[in-house]
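Letters A, B, C, D and E name the chains as they come in the text, with residue numbers starting at 1 for each one.
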């Protein structure tokens, strides 16, 4: 257990992001409606929800990438974002991709360190097109982590990773949270992952936060797991089919 | 001298900007250098602008103020430009002999006289001497214009058209017509100097009205220098033709033809009343045939100096 | 919380709609109407300044006649003169040449973009011919096509061909290789491959080629109509130039410019229609 | 197993290397060497046929002199004549005009591709000017620039500007909006946005514009050098045309074609260098 | 349990694909070396392995998309493939994307049915750019399933799906296998998923098949799970960190 690294943020830690009554629609399709959310610095929040329920839309709104149709968002100017796709610049080498946006001074060293941490230390000067799916995703993660932001928005950053690599990446992210204490919002479909990582787990449904859990505080992770799966509509019977 | 009755003696510049092309006096004057020396003696610096491919752009340059004199081209575009409103005046006229503009056809084409042109196509340069000559030739032979197909072609394009039989005849000036006659084995059907008893078109130097008023001294000096140049050319035909050939690059045979013809230049001052009357007649001829859009009084557009 | 570090994003529709819809473009301060009006600002301003300069005698009419004079000339030529006939003749030539040259170039472009063998066989020759100016080609064209319509249409076709050819090959090279793989995996025939994947993917570039060549067609006519033409805008221009009819020369320039605008509108319309799926081309804001 | 339904994929290096490296292109039957040789096939064949036609008297030398005659003329002009001087003069003009026109067009293209406001203000005017033929503009250019070098360089710059402008805006529109978003999220400055994301993304199109305009520069010179030029390839061509020197005319055509080849090679070199990352441009097979 | 649907293929069912001594290298980097594999019709094979170990490379070779550097592959001309990214044609509506490659006749109906099965029945005429990550992945899956191929190659097709949607997709694929009996090769990082779906689980390491399991035949799934995780390098301690 690495729980020692992970202090539950005090109720009075400064907020990394605040959302009040957010509304977002694509034309007639209302995706987010009256959503409230606060994430404090140092807090790790996981976001679960059915495919297409609006998780990415929420993240994009927090990152200031989309206009919103109602409500209010208070967010830092520059959160770090891992998009659902890797979004590497095909014309830049890996280290330049990771260093994108860093001040030129010492950029290569920082990028090299970050790439080593995600297990790609030997491929600083390789092209993105030569990467496997999981490798590209790790480069995108490295790019976000070197930013050392106040708010870290992760959209399924581990989806293409095998179990072992995934655990390594978990450690990396938790490390960053412990050191720089950003607020983290992690979108994931893996309930185990949410339980293992998050201070707070949110379930999104109908355009708003439908449920909230604190796996580390009361009860057992196992109980949380069953509740969460039920909330996501999975009957345990089916799951083992 | 033509400067007999100077109205005023004005000048507000040291430099005169002359345009030139690959023919006639301007080229020889520019190549030989005596012209510049003569003007330098009067404190006038010569700036040569060119070469220009034909007359119209030189008129544009003078009208627009980037040159002071035309390069001694045909009077018809100059008259047209004046009718269109360009503030140009004639400063001097040129008459060269023999006149060599001609309508030619390929040997063995069965076209030997103007009446053979009925139903055939003839290449002419639009609104130029070539077109006028064809019109005059047809009129002289009593043939209706509609019986002959006018094909508008610029000289460089007309040559291959004639060579490959895409047109049956070509009405054109020197030296193009001379080169074509030789290279494509063609013969004259109608030769201006031989078959036409009046002039349609002369050569002329033009300047802007403003320049002629503000720099009458220079206009006079330039006219005098061209006269000197013409005198030299008339006296040194072989050297003159060789100078032209060197720049133009046509064959010795053609050059020798020109030498043989002893082409001479006669410069006519704008004060020559008889000449101006002839030019007026030519202008009226063009107006009557709708080549010039409006009547024009030539004597209103002469340099006053 | 530390307000200094934070920006407050208000619920304004100020940002471009839909993340990828207009990403590089800053906040949309002007609506589409305003932008349309703005786009006519420069041309209208130019005409106004020009009229004022001409009226005050700052530019002499022989150098640049006033717009009002040009309009009068246009009216005169249109009513008693041959302007409509000239315009019609040129339009027809441009259209025929465009269709001919465009289709050939398109096919060649597809071949070259598609196969390295075709590229080796064709591309170098095309690049060579492309560099030869029309004026220099004229004698040969006359010998081959005579001095009739054939020659003019050939020149237009030639002028149209190059932009379409080049941008078609460019477009095909820019088609995402991953989608081509997909096509192979889905068992598409060559024809389906072209129509379902390559053409749609290359369309932005191809339409740029079309946009370019719509103007080129007219430029080619200027040269083509110096030869054996009895009507047409190029003929009108040449004639006027020869006689220093500045007002007619400027009129032809204005006609060319207007044709440019029309051609451009056609190209934009095509883009809006055919690239509706493309976030940066088909957007309603254009 | 049912062999009928199965194909046996043998361990041949017959398929294009690396899935996305050359996806649409069929099995590589010819190596790069063979393709290079093939690409010269058509031009060489053309010259051979032409020589034979000329030697057998099928085409008259006044219309199309034999290649051997043209080579002799070239040699003569190069040794005792002015060919090197003409070529040098034209090259210099083309280079200066290219740099001037290219950079202005590039900046305008970036502005217009980047901002709808700039598009509204600039694009229509450019499209109008683009449609005006050089020949029609010549009188105005003479008035503005006189008949010196200025006028020639201006025309070259003008001719170069349009392809670069158009393809720069095209390229910027084709830049993936997702990468622009990434740039925003990473907090890039406008300058970094342009240099790190927009330019690299637009580069394939921009280079096609460069490739196009390298040839256009020369075409513009033909018109520019008909007036007030004493040297230059366009001057040589005009001069020869005026005096019906068919061999020199054809020589200038050949020179233009060769210049086309050189310009094309430069463009390809640039593509190989600058687009090394691009699977369809930078591949070693080109 | 839906085990009834899923007959273990007879040892003598025809082979859907055969690979002998396959070798594949990117330049000096040898990714696959001396790999042998046979998948019979109706057999469901899951492929596990560390990120970057060569799973996608193997799939691409089987699909005939890449040249190979040694060995031999006997595969049907037209396997259906779900790539690691959705690869939707941006210029075609969803139903046209799904119908890509189908004979024109009845294509729209078939595509509509397939889209309905993956939960996108209402969006036949929508554009791909309006989809969420998981929705796009489902369209790609629908496109492969309508092909009814002899060999189905799936490269992490469920990675972007939530637990419930994922289970629905599992049912869909198993259904297809039961009806048309293609050979299936499924790349996944989810050990549970592999156990729940596959007749045979392969672990790839060092460019070849390092281990093989048949979860449905001997022992308990739980035992298989522990073994597999150990083989993938995951110590159970770390996993719960």
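The definition used in the following text is that contacts are C-beta pairs under 8 Å (C-beta built on N, C-alpha and C of every residue); 3 or more make two chains touch, one makes a residue touch a chain.
The shown structure was predicted, so the numbers you read here are calculated from the model rather than taken from an experiment.
Path length between subunit A and subunit D in the chain contact graph, taken as the least number of steps between touching chains: 1.
Of all chains, B has its CA centroid at the greatest distance from the CA centroid of subunit E. Contact count check for C-E and B-C (C-beta pairs in contact): higher for B-C. Centres computed as Cα averages put subunit B at a distance of 86 Å from subunit E. Subunit B and subunit C have CA centres that are 41 Å apart. Distance from the subunit A centre to the subunit E centre is 26 Å, each centre being the mean of its Cα atoms.
With touch defined as above, residues shared between interfaces to two or more other chains in subunit B number as follows: 60, 63-65, 156, 159-160, 163-164. Residues of subunit C in contact with two or more other chains: 19-20, 63, 139-140, 143, 178, 181, 184, 238, 241, 246, 279.
For subunit E, residues that reach two or more other chains under the stated contact definition are 26, 65, 77, 85.
Those residues of subunit A that touch subunit E in the complex are listed here as 1-2, 26, 48-52, 55-56, 84-85, 130-135, 138, 155-156, 159-167, 170-171, 189, 191, 196, 229, 232-234, 238-241. If you check the complex, the residues on subunit B that touch subunit C are 56, 59-60, 63-65, 77, 80-81, 83-87, 121, 123, 126-128, 150-154, 156-157, 159-161, 163-164, 166-167. Contact residues on subunit D toward subunit B in their complex (touch as defined above): 60, 62-63, 138-139, 142-143, 146-147, 226-230, 238-246, 248-249. In the complex of the two chains, the subunit E residues touching subunit C come out as 63, 65, 77-81, 83, 85, 87, 89-92, 100-101, 127, 129, 143, 147. By the touch rule above, subunit D contacts subunit A in their complex via residues 20, 178-179, 181-188, 192, 196-197, 200-201, 203, 277-279.
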